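Look at the two complexes coming up: chain A is in both, with chain B in one and chain C in the other.
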Partner chain A sequence: MSNKAANSGDYLQYLLNSWSAKSADKLSGLSQLRARAIDSVNTQRLPNKRDEEWRFTDISPLTQLAFPPSQQQSKVVQANDLEQFYLPETTNRLVFVDGHYAAELSTIADAPIQMIGNLPAMMRSRASTIESHLGHYAKIDGNVFSALNTAFLRDCAVIIVPKKTVIVEPIQLLFVSTQEEVSSYPRCFVIAEQDSKLTLIEDHVSITSASYITNTVAEICLAANAHVQHIRIQRDSQQAYHLANCAVSLAHASQYQSVSVSLGSKISRYNLEVQLSDENSECTIDGLTLIAGQQLSDTHTCIDHIKPHCTSHQQHKCIVDETAHAVFNGKIMVRPQAQQTNSSQSSRNLLLSNTAKVDTKPQLEIFADDVKCAHGATVGQLDSEEIFYLESRGLSKESARKLLTYAFAADIIHRIPVASLQQQLEKIVLNQMQGV
Partner chain B sequence: MIDSNSITMLSIKNLHASINGTGILNGIDLTVKSGEIHAIMGLNGSGKSTLAKVLAGHSAYEVTQGTIEFEGKNLLELAPEERARAGLFLGFQYPVEIPGVANTQFLRLAYNTIQSQRGKEELDPLEFDDFVREKMKLLDMNPDFLDRSVNEGFSGGEKKRNEILQMALLEPKLSILDETDSGLDIDALKIVAKGVNQIINKDNATILVTHYQRLLDYIVPDFVHVMQAGRIVMTGGKELAMELETRGYDWIGSDQRNAKNRLTAGAHA
Partner chain C sequence: MSAVLQSLVNQPYKHGFVTDIESDVAPKGLNEDIIRLISAKKNEPEWLLTFRLDAYRKWQSMTEPTWQNVHHPKIDYQDISYYSAPKSKKKLTSMDEVDPELLRTFEKLGVPLHERAALAGVAVDVIFDSVSVATTYKQKLADVGIIFCSISEAVHNHPELVKKYLGSVVPVGDNFYAALNSAVFTDGSFCFIPKGVKCPMDLSTYFRINTEGSGQFERTLVIAEEGASVCYLEGCTAPQFDTNQLHAAVVELIALDNADIKYSTVQNWYAGDENGVGGIYNFVTKRGLAKGVNSRISWTQVETGAAITWKYPSCILRGDNSVGEFYSVAVTNNFQQADTGTKMIHLGKNTRSTIISKGISAGHSNSSYRGLVRITPTAEGARNYSQCDSMLIGDQCGAHTFPYIQVQNNTAKVEHEASTSKIGEDQLFYLSQRGIGAEEAVSMIINGFCKEVFQQLPMEFAVEATKLLSFKLEGSVG
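Then we have the complex of A and B:
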């Protein structure tokens, strides 16, 4: 690698400079947003372990990895490289290669064609809607990665579901990494208008085992009575760095359900911020982290109860093997107005080796006095009596351990409403165990 | 049934075993032949369940002396799963709950593992479903059990029926049923016993580990052994169980107990 940035400031400056050549383009309506993001990056530094939000995750290796933003390359990836990631349940699929929209790999059925597309195309018909929402949910200040992503904003998966529209088939957003030693900035932006319904699969995959950086931002805005199911799979290369921010805003009586699965990357960080901005809104946030080797996977969530009568349920599970390290920080904020809040959070962690590590931190900040908030955290190992039971039925120790590990993960996987994706994940957890 | 053509299935000689350095089995001798039903009785803490777990290969117990042969092979050299594949089955006193794994998935996995080991054909989910439903009729089990997680939320009786269902599926040569009657009401006990009786034949053997005589009214043993302080102190026919029921355990083996107490006292002196 020729470009090394000695410290965090140099690193960010390097990234911004490498982008400037491309910054003048057609999307003038969004240039203000980008300019603001660039200004924000200039005032920030990379977080370090002295920052409370990053105390368990050392992100400093990034300063040694001054990977330039990826350039769009034609024909680097063929459709048959990607078939393994296609889901038979869905025909609507947007594919982004190293962050760049790949029209030739994407398919959109006739009906939703007005609702789904890449940002430049969608700007032609929906500029005012996009400009009044895009960048309004994911915080730029105090979040250098979100700011960087916004500074580099160009391609972006846009989904705008009109009022009273139910999109039955899940929509797959496939973000593929192909190049080594680049950074890419995938982005998605979803508006579910009143009484609409959508299932979204955000899938981060790679066809390279090399090192690269993915810095992704998703914004999801639910209008009154909207329902969104958001499935997020992070299966980047084992050498990758994956930094993700997702911001969700819920209006009156809307419902957001998410399942996020973290499997890949050397270091990954997922920040999920859910704002229950109006009464009777509900969210269910489930997560599964499955890591081994020297992986580090950090999930930070914040569920913000702003208004009364809202409900949130969260279950996060980590399965950690070898010398991997998982982090879960689950903040539940109940603001003074948010009476009659009903909230539950559970963090369950399974350590498969003596050197595996988990840091779990439930964080409840409750400023209302008439609320129901339950939380719990457990850390354990596979139960030797359970292993013996399975061995006594003829299963090898290895198979028994795999089956029990699978069992631990199963309830999260079963919440994914797409059968083929469930099966893919089950296989990953079982590691192709025979006979099941 | 005792059969003149029977072969020796299990041969235990002078078996000593301990857990965390504490001796639990202190010299067991037992021979079980095909076609036979043996009952092992005794008070809590006499070592009955330990014997069952040592036979199945539980790693918490260390065999410090003695030998166990299963069909002429050294059982102690085999890992628990190899013992199961060789045809040994332990019906657990407290079957383990496995949330997240459907019972049918578990049963098929166990069945196919054993089948493939015997060089027999494995069953796909549909074939297995037919097969297991037929076996479940033996035990009057509701087919709902297939879709529920393994033993999760099962009542005591349901768990025990699920154990016997596994015995029926795996067709072991030697079954050790550890306190299969505990937690069963009389109706459930009859159903379980009926199931076991249908599985038992002249080519397999069964060891019933039980505290009470009541199970033996329904599964009639050929031999009854009484354990005390990690030893078999008395062996008789089924009438011995009756006698224990009326007289309790106190009258047996007082000599051995006294001997042991003296030894312990001596060691502490």
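Then we have the complex of A and C:
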């Protein structure tokens, strides 16, 4: 932490200056996008608690952590360091180490090479498709972290699923953090063309317990009738800062299902924006936050119903222990044209200790009259009657509490369509509950 | 839907007339001299002037809030007259001396100033523009020890009470509009229920803005001592002007141990015409402090008027086992905007709160529910239940929900539910198949939607509210 930046402006300047653009020169087609992002960063500042969107999450510690952008592969990662994260269900795997593509660790089995790969390689064959979509969904103005990520854009997982193609095995994007006191900028870009189908696993892991910053952006574009399942696991180190933006756009009758699980990081923030931009599109968004210690996990989602006859369902659950702090802000927007919208949202929060804290704000903004929209929020502890029932069946109070907490989380975990990942997460949940 | 309904859309605002009465109006603008003038006109003690000046200085350093979901042209605070009073030559001693023109005004509005009037059994304090013109049943209330009078009278006759409680729930610098009110408030109602007294009749304040270009800044202070209980009603109307008028009131309620205050409002300020011209800006700070153990504060509001409503009646539940309630119906039509809701701050143990909010939007209007439920670490066993339902009539309007839930105690139980719907074709079909006309059917469905809130209103108000609502929305369906 040798470079301390006093304020947000200095901090952003420091980051921009310490980025070496040399290695990105070859990607001239994207230099415009990067230049625009740099300009945008220059007009912005870090958000503070006076900004409504950051009311509950104090991100100001970042200015004290002027971690330079990570350099490529300064520490070589061995395959056996990562084996624990591999999923037996799939051999489609792209590995990024501190935001940089690690070709030797990545394997693509059942898909033609032009479909999945790192951005520089993909640019050779699919430049026009990429240029017309990349950076078009994740807003950079008004979102300084998304702008920073775009400004530093070089390596990026690119997945373009052609028409009427079903990728059977899930694609695992493994973003590994290895270095301390660096910032990394992973990026992911998915186009699911008409009638295609894909399961994507975005897994953020670390093999260090040090402090670092991850600033990630994902863009997912679904063409008509496309079907994307997006599983997102954030299990960064307990000292890490994780800032994530994900923008999803749905065309006619497409379906997007997402399960995001937030376990790690000292401070994490996940912004998910889903645009239902054509009729009959559908999204299901589930989330689980499981935190303890002094962690802060903030999830902001915005589901934008732009066209009629769209459906969205959302369930977000938080389990908060010790002095951790969970934040959820779920906005559902129904635009004037979006008649016959059907939307439901629920935020359920479980406080395990009397110092844990939850701020939740399920928000509806509705401009169309013929809609069915409902949301609900609950905050509480485990139901004493449920505990009593289990005790009457011979369980100890402790195991009754564990069982109920596990069941609360398992509800979301079981929506993940990959068995081995489910088991891994279940194990993590059970371990975390040792203190319950 | 039908021609009959269509013709009812443009129902005129019933209370839009102007009373031709000579008024004493202060020059437009706001500065320390105006505040001194108001204070001098009301012959106020020094401490109150200090209170006002303190508020004014705080106000100068504040900026207008911008977070609310409403839009209006910038208000020129120097273009408002901060004092307007019907001219009276001598002090009134009985109701018979009230200007007959004023009496006729309130007769027309259906507010009985005569104690023998039809709506007997309700004591009324009437505020016309900036000052209180009459208070009925004073003597009868005084017999049981209740003080019910205008706040200016209270300042003179019971300075120790006013000094003790004024600004204790809403501090002078609480927010932009509350600071403005604290600086320039001209009158309002004061009510004090002593220990152990159950108020024998409902108390009521009726507000009327009359003068064009004036703002109304009234202040209400209700104190219920240990074991006391009171039911308080508030009504408001204003004449029809093309200009917007500002109404920035402050209401403070204080409930000591085992006290019970029920505060009901039927707000029917002029809402502007069908093009959104004119109407009252209703920027009100209402807050109740449930200070004592087992105390209870209940807000009920039916908001049908005003071009813009910005109002969050709140409860600070400090006493253990205290209860806060909020029941609201907000109806917006044409170009009205309402951003309203409540705050429930749980501080004491086993505090409970209930929020029932119903929003109905029609025409081009927008209505927002904005609520905060905060459970602090000290609020062991706190409980909250919130329900916010919105109904949209027509495809040009909007309904928004912004519930903030902040919980810092794991023994708390907080539930929030919200839904948005419209009047279903099937519901209308069912009723018309039973021989009920379309218009009546709509009115039935809406009344059913609001029933939970109307049940909380005292009888006379409930009748008025039901009428007001059907009147307001007539013709907007179809």
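Methods note: the second predicted complex is superposed on the first by the 410 of 436 C-alpha atoms of A that agree within 3 Å, B and C clash if a C-alpha of one lies under 4 Å from a C-alpha of the other, contacts with A are read in each partner's own complex, and residues count from 1 in each chain.
Simple rule for what comes next: contacts are C-beta pairs under 8 Å (C-beta built on N, C-alpha and C of every residue); 3 or more make two chains touch, one makes a residue touch a chain.
These numbers were taken from a predicted model, which means no experiment stands behind them.
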Touching partner for A:T360 - first (chain B), second (chain C), both, neither: second
First (chain B), second (chain C), both or neither touched by A:N431: neither
Chain A: partner with more touched residues, chain B or chain C: C
First (chain B), second (chain C), both or neither touched by A:D411: first
Touched partner set for A:S128, first chain B, second chain C, both or neither: neither
First (chain B), second (chain C), both or neither touched by A:E391: first
Partner chain in contact with A:L403 - chain B first, chain C second, else both or neither: first
Partner chain in contact with A:C373 - chain B first, chain C second, else both or neither: second
Touching partner for A:Q32 - first (chain B), second (chain C), both, neither: neither
Contacts on chain A seen with chain B and repeated with chain C across the two complexes: none
Partner chain C, residues of chain A touching it in the complex: 52, 336, 339, 349, 351-381
Of chain B, residues touching chain A in the complex: 56-60, 79-81, 83-85, 89-90, 92, 95-96, 98-101, 105-106, 108-110, 112-114, 116-117, 122, 149, 166, 170
Residues on chain C engaged by chain A in the complex (per definition of touch): 67, 375, 377, 390, 392-422
Footprint of chain B on chain A - complex, ascending: 383-386, 388-397, 399-400, 403-404, 406-411, 435-436
